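Below is one structure, written out as structure tokens, with a few remarks after it.
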Amino acid sequence: MSENDLGFTPSEMMTIAASRALKNDDVCFVGIGAPSAACNVARLTHAPDITLIYESGTIGTAPDVLPLSIGDGELCETAVTTVAVPEMFRYWLQGGRITIGFLGAAQLDKFGNINTTIIGDYAHPKTRLPGGGGAPEIATSSREVYITMAQSKRGMVEKIDFFTSFGHGEGGDHRKRLGIDTAGPTLLITDLAVWKPDPVTKEFTVVSLHPGVTREKVQATCGWEAIFAEALDETPAPTELELKTLRDLQARTKTAHASAAKGKAAQ
Amino acid sequence: MSENDLGFTPSEMMTIAASRALKNDDVCFVGIGAPSAACNVARLTHAPDITLIYESGTIGTAPDVLPLSIGDGELCETAVTTVAVPEMFRYWLQGGRITIGFLGAAQLDKFGNINTTIIGDYAHPKTRLPGGGGAPEIATSSREVYITMAQSKRGMVEKIDFFTSFGHGEGGDHRKRLGIDTAGPTLLITDLAVWKPDPVTKEFTVVSLHPGVTREKVQATCGWEAIFAEALDETPAPTELELKTLRDLQARTKTAHASAAKGKAAQ
Amino acid sequence: MVKFLPLKKAVAENLHDGDTVAFEGFTHLIPTAAAHEAIRQSIRELTLIRMTPDLIYDQMIGMGMAKKIVFSYLGNPGVGLLRRVRDAIENGFPRPIEVEEHSHAGMANAYEAGAAGLPCAVFRGYRGAGLATVNPNIKSVSCPFTGEVLAAVPAIRPDVTFIHAQKADRKGNVLVEGIIGIQKEAVLAAKRAVVTVEEVVDNFNDLHPNLTVLPNWTIAAISVVPGGSHPSYTHGYYDRDNSAYLEWDEIAADRDRFQAWMQKNVIESSADDFAARVEHLRKAA
Amino acid sequence: MVKFLPLKKAVAENLHDGDTVAFEGFTHLIPTAAAHEAIRQSIRELTLIRMTPDLIYDQMIGMGMAKKIVFSYLGNPGVGLLRRVRDAIENGFPRPIEVEEHSHAGMANAYEAGAAGLPCAVFRGYRGAGLATVNPNIKSVSCPFTGEVLAAVPAIRPDVTFIHAQKADRKGNVLVEGIIGIQKEAVLAAKRAVVTVEEVVDNFNDLHPNLTVLPNWTIAAISVVPGGSHPSYTHGYYDRDNSAYLEWDEIAADRDRFQAWMQKNVIESSADDFAARVEHLRKAA
């Protein structure tokens, strides 16, 4: 994605907006597919003490570069402690210690339900996607869930093909009716806007447009009829520090991950 | 207990007879109150590779002196690995990895049921004993259970006051009827004799008398009517090596455990 | 977020009359200093939870602080019985005490379930055991796949857990090593956790990644109390004071002698006295 | 008791047609060399279990060795999809494959239950999740104390588990460190376990007591295969070969290219070739 005339890309705006939603005392479970970039930008800017947990067992990790997989060595090397995977899911996630579960999505509906399992029918899928990994329980055991994804009609759909992880179901008190006592998706950050669920219906509502983004553009890239808050904000543009932090992080990451390939080429 | 004219005490004979029952490839769970002396004599003589596990989490321990508690530091320092207590009970005991659970008893009946909980009524006990600790599950999850205790009419009783750990219940297939698929008590070693359960009734039967012990002496120190095997053996007397190993171990233990007290006295 | 506090303040802020509390330590790392501080503060009507209540619960119960005890092994390790607890259970002295008794497997699983945020623990246990008939908190569930009947006990969720550990770093992360027992689960199962440590170090950068470290956000308060586990031991710092356990058997055998000992060694002492008690138990460097 | 064997023999002795097998490793320590040996030995009709099937199951399934796969995340970590597995699931090529899908929590709990000798695992999971409606091995039990409905899945009990680890000592005890994943549980849950290691050392005397060490009597066979987890990594030995994961995405996209790659890099190669593959990934000392 190219820079707009404001000096940053929509993707950068998305990552930075997501990073701002994280607080210094958050304990954040970074699920597969989620932009750990946002979590690490938060850590490198306003939330130096944020606890980042990857499901590989690394607790309180502080990588200098973004991991390519959720089990990269640097996550372990910089963690406060690294535990076994069953302990991760039992004591740390199910134990109710995670304040924010951070999920990405292949398909998302307006109630924050996510599909990363299949396109088509489960028994005879058109496309077999990777599946849920930690997401089904991240979605129900984290106190809140943040979702981040780039907008597209293919991704933000009226009806998802499979409930990989449960958001607000059919809306309203559906979570409560299933015995789920956590808040569920409370924030959706896309490359174009910030969305929050309506307090009653739980339908995602645009509360802030990123700089230069119009309502029409949001609607054109969303498969359901978007609702906009009456008091619609404009997302503050990335600060110089935020942009520099993100870009430095990505540059370090690129260099680090290219080195193995280079080493190989040199053989 | 004083040495008999054979050059060893009944207690030494008991420990050594028990040590002989342990094999080199056994994985032995040494419960509270059990004579870890027997396990360690086995390790120091014919079973150098025996795996000794104490419920404090120490696996494959090889202490130079006998521990005073099941969590002494030396157990950890000499262990192959030291795990958390829940893991000990879940993966190692319940996981079916223990070949021999080694238990002591305050009260024992002829079917190998053990009481270390109370004397008298549970709600209004005459004497409150320490209770079971690991024993209830050691008795059912270990593949076999060995019991060792000094004989007395107070200890070996017709009816125990409380089922701290289940042996053969009322005998016969009682274990099976409760869904317990391990063998239960297969050996009782006292200071006077070796007992094994009858294959059908499961009642403990004297199969071997220690040197110098008579049937009458066994009966006089046993609260139930003892049954003796038709082919009654005499337990081989301790060998020089066995005696020396046990006595050296006990001497080292005495010296080591006195040092703290000495240090204190010297202040 | 964790606070570094003097022990007196850490106990006062976190332990209240009527609380359900665990002072855990499996032979090793017993939080004696914290228990003595609780005694000095005369906290009352406690429900005491511990797998292996030993001297400290004998002391707290002897001082009449507990209305109930939940346990799985009630002994003076390597020595024998707990005489003050016996007096309470057998004679109601200094007050009657309610008893909830489990096996080690039951307690370990119940702590594990508490740490895991579950309402109960499911395991293969208590078969043929008398405890299943006297403890109404031992129930069963059936495996929905095999039909096997398994034991179930409620998760342990203390209001507050006290443990002793080797060290904290300046951020308040805590390292526990050696015989780690049930301490991690006891901390994670509790609403609040208070940790006494031997020392504070700058950071844990050189630690092996798989050690038992409790992140600072899982702990309410840390107090630095060198020797704080005496007469238990702290792996890497000082040995177990076996003679003190033997001596306790005599002290606790007599109500008056017990009171006199408590007055002198607990009521009129402080957390600062522990360092001297372990001096002769430190290994020569 | 453990035997030190060449990998070829360790696989031949322990893995048989029709077995249920887990090759575990959570991004780190993936037992690639063992999987390649299984491919060379053309073992058939396998039920493959793994939380995160990645390249090695893509390869085994692409070679038609599996009748069923049990998993919780079917991706090429950091890259995308597994194209050979997709071809099998979507198109039945080279053969149809049965799918049993769980969440990570479900699999982790199921391995834990397997290690713990339980018939099933009980946890809070799958609420509102579609998997609960398509996987008949997801059932429920009610807590007998609170009535809360919890998820239950059958314990995982593989016939054989393969893992890769840092080192063994001469007695055959095995050390796993860093991101330890589910390896301990996978080994303890299995009837037989085979471990490839980077090296054998004299003893583990200097190890910290709380590290993840598998005693020798829990393992059937150990094979020394330096580099045996490539293109995954071994903490302390060599880094992850990220470019190989990217490259795999292209190789696996085409059936013929896949076959040619497998012929050259697996069928006509051996366990001895792994050491050279990681040479450029070792950290400068």
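By written order: A, B, C and D. Residues from 1 in each chain.
Convention: contacts are C-beta pairs under 8 Å (C-beta built on N, C-alpha and C of every residue); 3 or more make two chains touch, one makes a residue touch a chain.
This is a predicted model, so every value here is computed, not measured.
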Item to complete: Give me the chains shared as neighbours by chain B and chain D.
Response: C
Discussion item. Of the chain pairs A-D and A-C, which one is connected by the greater count of C-beta contacts?
Written reply: A-D
Worksheet item: What is the distance, in whole Å, between the centres of chain A and chain D, each centre taken as the mean of its C-alpha atoms?
Response: 28
Discussion item. Please tell me the distance, in whole Å, between the geometric centres of chain C and chain D computed from their C-alpha atoms.
Written reply: 39
Worksheet item: When the C-alpha atoms of chain A and chain B are each averaged to a single point, how far apart are the two points in Å?
Response: 57
Response to the item:
Multi-partner residues in chain A (2 or more other chains touched) are 76, 82-83, 90, 94, 141
Practice prompt. Could you list the positions in chain D whose residues touch two or more of the other chains?
Written response: 112, 116-118, 123-124, 148, 178, 180, 184-185, 209-212
Response to the item:
One finds touching chains in the pairs A-C, A-D, B-C, B-D, C-D
Worksheet, complete the sentence: Counting only contacts in the complex, chain D reaches chain B at residues 1, 112, 115-118, 173, 184-185, 188, 204, 209-213, 215, 217-218
Discussion item. Quick check on the complex: what are the chain D residues that touch chain A?
Written reply: 26-28, 51-52, 71-75, 77-78, 80-82, 85-86, 89-90, 101, 103-106, 108-109, 111-112, 123-131, 134, 148-149, 178-182, 184-185, 212, 233, 235, 239-243, 245-246, 279-281
Item to complete: In the complex, go through chain D and note every residue touching chain C.
Response: 116-120, 122-124, 137, 139-146, 148, 150, 152, 154, 177-178, 180, 208-212
Worksheet, complete the sentence: Contacts from chain A onto chain C in the complex sit at residues 25, 27, 51, 59-60, 76-77, 79-83, 90-91, 94-97, 141
Item to complete: Spell out the residues on chain B that touch chain C in their complex, using ranges where they run on.
Response: 32, 55-58, 67-73, 75-76, 82-86, 88-90, 93-94, 117, 122-123, 125-137, 139-141, 162-166, 169, 174-175, 178-180, 257, 260-261, 263-264, 266-267
